[in-house]
Amino acid sequence: MDAEARLDLNRSSRIDLPEAIYCQSKTPDQCVSIVARLLEGAGGEDAVVATRITAEQRGPLATLAPTASIDGATLSTMTWRHRGPSGATAAVVAAGTSDLAVAGECRLTLQAMGHDVVPLTDVGVAGLHRLMDVLPELEPVDVIIAIAGMEGALPTVLAGLVPQPIVAVPTSVGYGTAFEGQTALMSMMTSCAPGIAVVGIDNGYGAACAAHRILRTATSGQSQRPKS
Amino acid sequence: MDAEARLDLNRSSRIDLPEAIYCQSKTPDQCVSIVARLLEGAGGEDAVVATRITAEQRGPLATLAPTASIDGATLSTMTWRHRGPSGATAAVVAAGTSDLAVAGECRLTLQAMGHDVVPLTDVGVAGLHRLMDVLPELEPVDVIIAIAGMEGALPTVLAGLVPQPIVAVPTSVGYGTAFEGQTALMSMMTSCAPGIAVVGIDNGYGAACAAHRILRTATSGQSQRPKS
Amino acid sequence: MDAEARLDLNRSSRIDLPEAIYCQSKTPDQCVSIVARLLEGAGGEDAVVATRITAEQRGPLATLAPTASIDGATLSTMTWRHRGPSGATAAVVAAGTSDLAVAGECRLTLQAMGHDVVPLTDVGVAGLHRLMDVLPELEPVDVIIAIAGMEGALPTVLAGLVPQPIVAVPTSVGYGTAFEGQTALMSMMTSCAPGIAVVGIDNGYGAACAAHRILRTATSGQSQRPKS
Amino acid sequence: MDAEARLDLNRSSRIDLPEAIYCQSKTPDQCVSIVARLLEGAGGEDAVVATRITAEQRGPLATLAPTASIDGATLSTMTWRHRGPSGATAAVVAAGTSDLAVAGECRLTLQAMGHDVVPLTDVGVAGLHRLMDVLPELEPVDVIIAIAGMEGALPTVLAGLVPQPIVAVPTSVGYGTAFEGQTALMSMMTSCAPGIAVVGIDNGYGAACAAHRILRTATSGQSQRPKS
Amino acid sequence: MDAEARLDLNRSSRIDLPEAIYCQSKTPDQCVSIVARLLEGAGGEDAVVATRITAEQRGPLATLAPTASIDGATLSTMTWRHRGPSGATAAVVAAGTSDLAVAGECRLTLQAMGHDVVPLTDVGVAGLHRLMDVLPELEPVDVIIAIAGMEGALPTVLAGLVPQPIVAVPTSVGYGTAFEGQTALMSMMTSCAPGIAVVGIDNGYGAACAAHRILRTATSGQSQRPKS
Amino acid sequence: MDAEARLDLNRSSRIDLPEAIYCQSKTPDQCVSIVARLLEGAGGEDAVVATRITAEQRGPLATLAPTASIDGATLSTMTWRHRGPSGATAAVVAAGTSDLAVAGECRLTLQAMGHDVVPLTDVGVAGLHRLMDVLPELEPVDVIIAIAGMEGALPTVLAGLVPQPIVAVPTSVGYGTAFEGQTALMSMMTSCAPGIAVVGIDNGYGAACAAHRILRTATSGQSQRPKS
Amino acid sequence: MDAEARLDLNRSSRIDLPEAIYCQSKTPDQCVSIVARLLEGAGGEDAVVATRITAEQRGPLATLAPTASIDGATLSTMTWRHRGPSGATAAVVAAGTSDLAVAGECRLTLQAMGHDVVPLTDVGVAGLHRLMDVLPELEPVDVIIAIAGMEGALPTVLAGLVPQPIVAVPTSVGYGTAFEGQTALMSMMTSCAPGIAVVGIDNGYGAACAAHRILRTATSGQSQRPKS
Amino acid sequence: MDAEARLDLNRSSRIDLPEAIYCQSKTPDQCVSIVARLLEGAGGEDAVVATRITAEQRGPLATLAPTASIDGATLSTMTWRHRGPSGATAAVVAAGTSDLAVAGECRLTLQAMGHDVVPLTDVGVAGLHRLMDVLPELEPVDVIIAIAGMEGALPTVLAGLVPQPIVAVPTSVGYGTAFEGQTALMSMMTSCAPGIAVVGIDNGYGAACAAHRILRTATSGQSQRPKS
């Protein structure tokens, strides 16, 4: 309808989150055009994140300078112009290998915002010892993102073991009664373990944003509005 | 409509389960009449189980001889004329104190069928050490009934730790997204741990029957039809 | 079944959250007994929180020393032995007066854990200026808890305006298509604004715990396990 | 079954809405045949609207005279023989670029009925200033059609800011908890802002018809049945 | 939490709708206090509407001057200080006598805003002739509010017969598969008749507001913002 | 697993319905093999019906003697060896052209059982006069099958106008809130018109069987078991 | 709103079903007034049926002459002025004693329309022999109404054994996953046995009306419109 | 993320179930790599099971030594290195031919664990005699796995006839109200027959694991932890 997309150009200064492009329902040309405008500085100089990139969109987007970082496992997330190191660290914990697509989107977004990421996979609660084995790796992190499909019990078990903020991400992994992630979602919302906060199904980007809001707090010792 | 209820009088010889009376939608007189007929030997001499007994029904039912066993915690399950000892043992494991109403119905039904019961409570997965502490008590049992509401993760964690048959019972404990037990039910059906079998929400009686079918196998070393 | 509840006595040293008693499905005696054991020091010396207190339970619980703090608006939350000041601040923002029961549970739990609370009410998005008017009050807070029923749009609008962590709580306020809070829940999970983390319907206590996990990060500048 | 479709040929004189062809489950030949009959004057001389046109149907339909208007963005809506100017104006407001397919169907239908359309896009509530910026453009319009997917908060915020009739259209944009538009639908039906009227998911044509019924009122100052 | 409710005092000048009080979850004192403040002129001089009044609240509210209008059938809606005549007319059409509670809330709200109301009841589509008989009474009205529970077919049939704007209200009348109004709601949203706009289940007040937005258009011939 | 399908060979003599093959999840070879066995007289000499035939299965099935009748419109239903005329008549009434696939399956099945069929299409209730026009054609029929998608109001309106048995079939026609036929199904089950009986979504074959059970009654004046 | 209910007075001559009063949401006075008008001959001389009568309404209704027939088991259905014998017979088959409330409403309605009723209870499929035992009683009946709650398997088993028309009624009997009758409803709609027609949950009156439409066919040998 | 999958290598000694690979969301290389590692003895020497194998994965997996067993019917399940004979027997009973894909996954998994399998197909309850005919074949088995789609009544009927443990598997067979297996699932959970235990939709592997847990009990006469 309008000639071009009405970008939310001052999002970064308002809420300290970089502009993100959700590619799924856009043409390759639309994606390239939006990312290019942002890289040219519309809205200021900040990181740029593109998610749900299709095979058809990947090539054209990869040509945009400065060089994009691509999630090696899924190839569906790309980021440009990362922020400098924040000094904060997030763990991205995935229950199974099938959850890696969501984990990749989450990890690359966090890295674009300058955070260190500790990735951990295959720690589903059906083999509890695997989770117990990696608990020491979780001790120094500032926030934990727990990603699980099927019955989604991982965040519940984690929340009973560690004191950090936990952002839970239900995934659409599984079949039958997994109901495309609804069972994991409801399980996480109803957890008997206290203090789990949940984002939408398969929403790795949203989890990274929620974690970033928390990590800002961790690094400043006090929340502060971005300098505009 | 008919003068009196058409009881399933040969159920015991057919499937080796005693007749049970679901009291909830019956008058006290109807309950007493059905239990009395069974105690007088209609359908043979077997244990009798009444579940979902209301306060109003409890008094009249308690007068029926031989003396009834009443679940002390909930007062809503009564049994008469228990079978002799089977030599088999079931653990009835409840995640929280709110699950005790279902656990009581399950335990008393198992005892009426002659089985030993090991009751364990408050072993929810939010404090995993409580479950770990009782694992040795589970080793000698033949079947485990795992009862949990809210997100229902207990059977999943258990099934990754022990080799026995696990009958999972979702309960309607919780509020909001617990959805009257639906979340626990779906979580259990979708478990990432292999070999969990599930019965209906709050159905302690059904879990006991499923366990009994299994325990018959355990005690005989081979399934055999009841002697008719 | 067991003689008494198996309390999670070292929860505080493990995950830095005080023991909480969910009173709804317990007798007054059970509630008093559990709270008394905790106040006597079982599990160490920490704050104690009781939620979903009924009218019948309120009197007996109020007699327990040291004196309880009671949520004045709802009378359904009580706390004992608050922690010392954390130096951190949370805003508890409720869309309408009908959301105050959830807000009260949330606020008192946060105060028991030593945090300052900025309460804001009647800032629903149907009259946007009311929300705009209170934005300055939100600037200095470390975390925002946004509570809303009906269509649950408040967290979405907030998340587009401020950079802090936002914990959203859907409430069962409304009728018809509010579906006991499901519509608000799903709306919050599907928000077009980035970085909202959601807890269960009406779960003010859970929101406070999620906020506390975040505030620990804010006050220490780095997550650290509680001293055991 | 019957030789040819039983068209509702006097719909225009009865309810003042032109005949519309829903192409999705029809063959190209069926679509062409129905549109041709209408253009030849079966049912009188009025505008003709075809929606949900597939790529396969587009070519054959485009050859029908008088020349069709095609929605440039989606190519899935075509109209023939527009009515003369009504003097009324509708705003078609879409929250995001992904909602443009629905917006296009809506806009072209309105234009076929003779109304002016003010199109506005990318005014989602996550960046509230974008909506605030276009409020002046909404002042002179007679009715507002508000189109949004995901959590569907746009109509709620609009309804608190402007006095005109608002027809809300939920779209199936989003993934996971968007539930193919159900979340947006329920959110709109449950709005805390008064006086929003909602049509079905992705139903741009239906929204245009609802708006037209309203615009007839606006232009005549009083409802009147079409001259038969 | 706050000392008193944060009323949306300039709603009337902003969107031309009077302040309304949803009484269901408030104490009698809270209701009286809010209505009294509005009648004293907080927010200007406009009509005041209170809905979902309980038996306990009715007495205290009735004493507030100027004298309240009470819906005679349901006693659950009260209005004060009606606006002057608008010159516009709305029909409030209810499928059955069980829908009258919703119809009453709708009618009294419309009258408070100065509109004439034509009430019609018991015109369900199972006896189609009853609807056909009242069609002449619908001809002069400017907008039609169609209220129905169960399968909710009334608006569909109406929308095929008349050209006016139709605001459909699903009600929770019925049992079993009526699903508390969901079936009627979904039926109305999916209507094969073009141009029906729907409000929430049992939301008579919301329907009146939607109708008022339309009637403003009818009486002015062109939308205009309220004089502020 | 087994060498070949365990056919229900005496179904015809038991319940007077011919064997039917649901082709959707079978290979072409499996379909041909089953139909061939039935045509060779396994289970006696009766009509044979195959439904949900795919394009791939159609060719091989068409070669089986005696020659098959194929539904001309959908090509997805085939029948062999029709029964002799029953003397009874069914109307198959479809709301829209999109419902013709279901109508065809229904009609051909009825004809295979020897019944006359009156087909009527495009009589949706949005243009009520179309239905009124065909009422005389319905007068002599013994049973009416009413097929509709979207909001499914056709059976409700019909049931208020005619005294015959009505078998309603919801179809998956529509999009968005049509929910693949659920809305039509629930609408039909909740009808305010008395005496509608409903079969499953898109189940034209089931509707024909239900109608056949009724027509047996009509032709004999009294139910009688088939001669075995 | 209107002075008195707009009764569907010529329903009997149009569709051959007597007027019925659904009492649940009416006052005792409203019920008495409507029944009295019908008994005085408004709408002609036909049977009158009142369903869902509450304890409060029962007394006043019982005084209306001619003397009412009351369902002895439930006291919630009353009928007046039965039609003469039709010569047709319906079986009303209930799976369990808990289904008797629905069975009673169904039976008394059928009797008011002049049909003989064969009542059968406690023939649930968990004890299949009970159903097998009563098969001979079903042979002479013209139509079978099969009533079941819980998993609702009774109609499926019946439909594989007998050739008559089967009207299935799901009931809200059961708890947990019975979901107030939804599970039984969906099970019946999805039956693998051909030709089951289903009415709404707990809708005994609707089942009787569906059966009556069928029985008219059985007794006349050919459908005929009622003499008007 | 991690270099390679974190396999649950001691599952066999912990819970006596072999490692299984769920292939659906993995690349052929990933599948081959995991199976190869297991066959090389990582985690000890035990059977290996791969399920949901795609056509693309089948070839590469078939080359792995020792030679794989492939389910002949579906080609989607492969097993390697079967355990020695357990002496126990399971019946795998499928209601229809469409359920064979699930039955095959179940059967091959059981055989890999050393159990004998009695396969029975096409014994759906719509033709009850087929089930009655095979009852003698069920007498000697230790556990019964009952697989059914559509309305899922098979386990209910079976559980009323035989005393053995019954593991029920709902399948996604059917269309419309089958709701991808949900109707069968809910029907099985709500069964009026006592002692049915249910696994997830289409989860043949899970049913085999549940049966194995039971069969261990049958063969040892007493549960015992696997020798580690």
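Here the chain labels run A, B, C, D, E, F, G and H in written order, and each chain numbers its own residues starting at 1.
In this text, a residue touches a chain if its C-beta (ideal position, glycine included) is under 8 Å from a C-beta of that chain, and two chains touch if they have at least 3 such contacts.
Owing to the predicted nature of the structure, the values given are computational and were not obtained by experimental measurement.
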item	value
Set of chains whose contacts include both chain F and chain C	D, E
Chain-contact steps, minimal, separating chain D from chain B	2
From chain D, the most remote chain by mean C-alpha position	B
Identity of the chain that, by mean CA position, is farthest from chain H	E
Inter-centroid spacing, chain G versus chain D (mean Cα positions, whole Å)	45
Chain C and chain G: spacing of chain centres that average the CA atoms, whole Å	51
Mean-CA-position distance for chain G and chain E (Å)	36
Shared interface positions of chain E, touching two or more other chains	14, 126-127, 159-161, 176-177, 185, 189-191, 194, 200-201
All touching chain pairs, where touch follows the definition stated at the start	A-B, A-C, A-D, A-H, B-C, B-G, B-H, C-D, C-E, D-E, D-F, E-F, E-G, F-G, F-H, G-H
Complex contact set, residues of chain C against chain D	95-96, 124-128, 150-153, 156-157, 159-161, 174, 176-179, 182-184, 186-194
Residues of chain G that touch chain E when the two form their complex	1-2, 5-8, 10-11, 22, 24-26, 30, 172, 180-181, 185, 200-203
Of all residues in chain G, those that touch chain F in their complex	14-17, 20, 139-143, 159-167, 185, 189-191, 194-201, 205-206, 209-210, 212-214, 216-223, 225-226
Partner chain G, residues of chain E touching it in the complex	73, 92, 94, 97-98, 100, 103-104, 107, 119-123, 126-127, 129-130, 173, 175-177
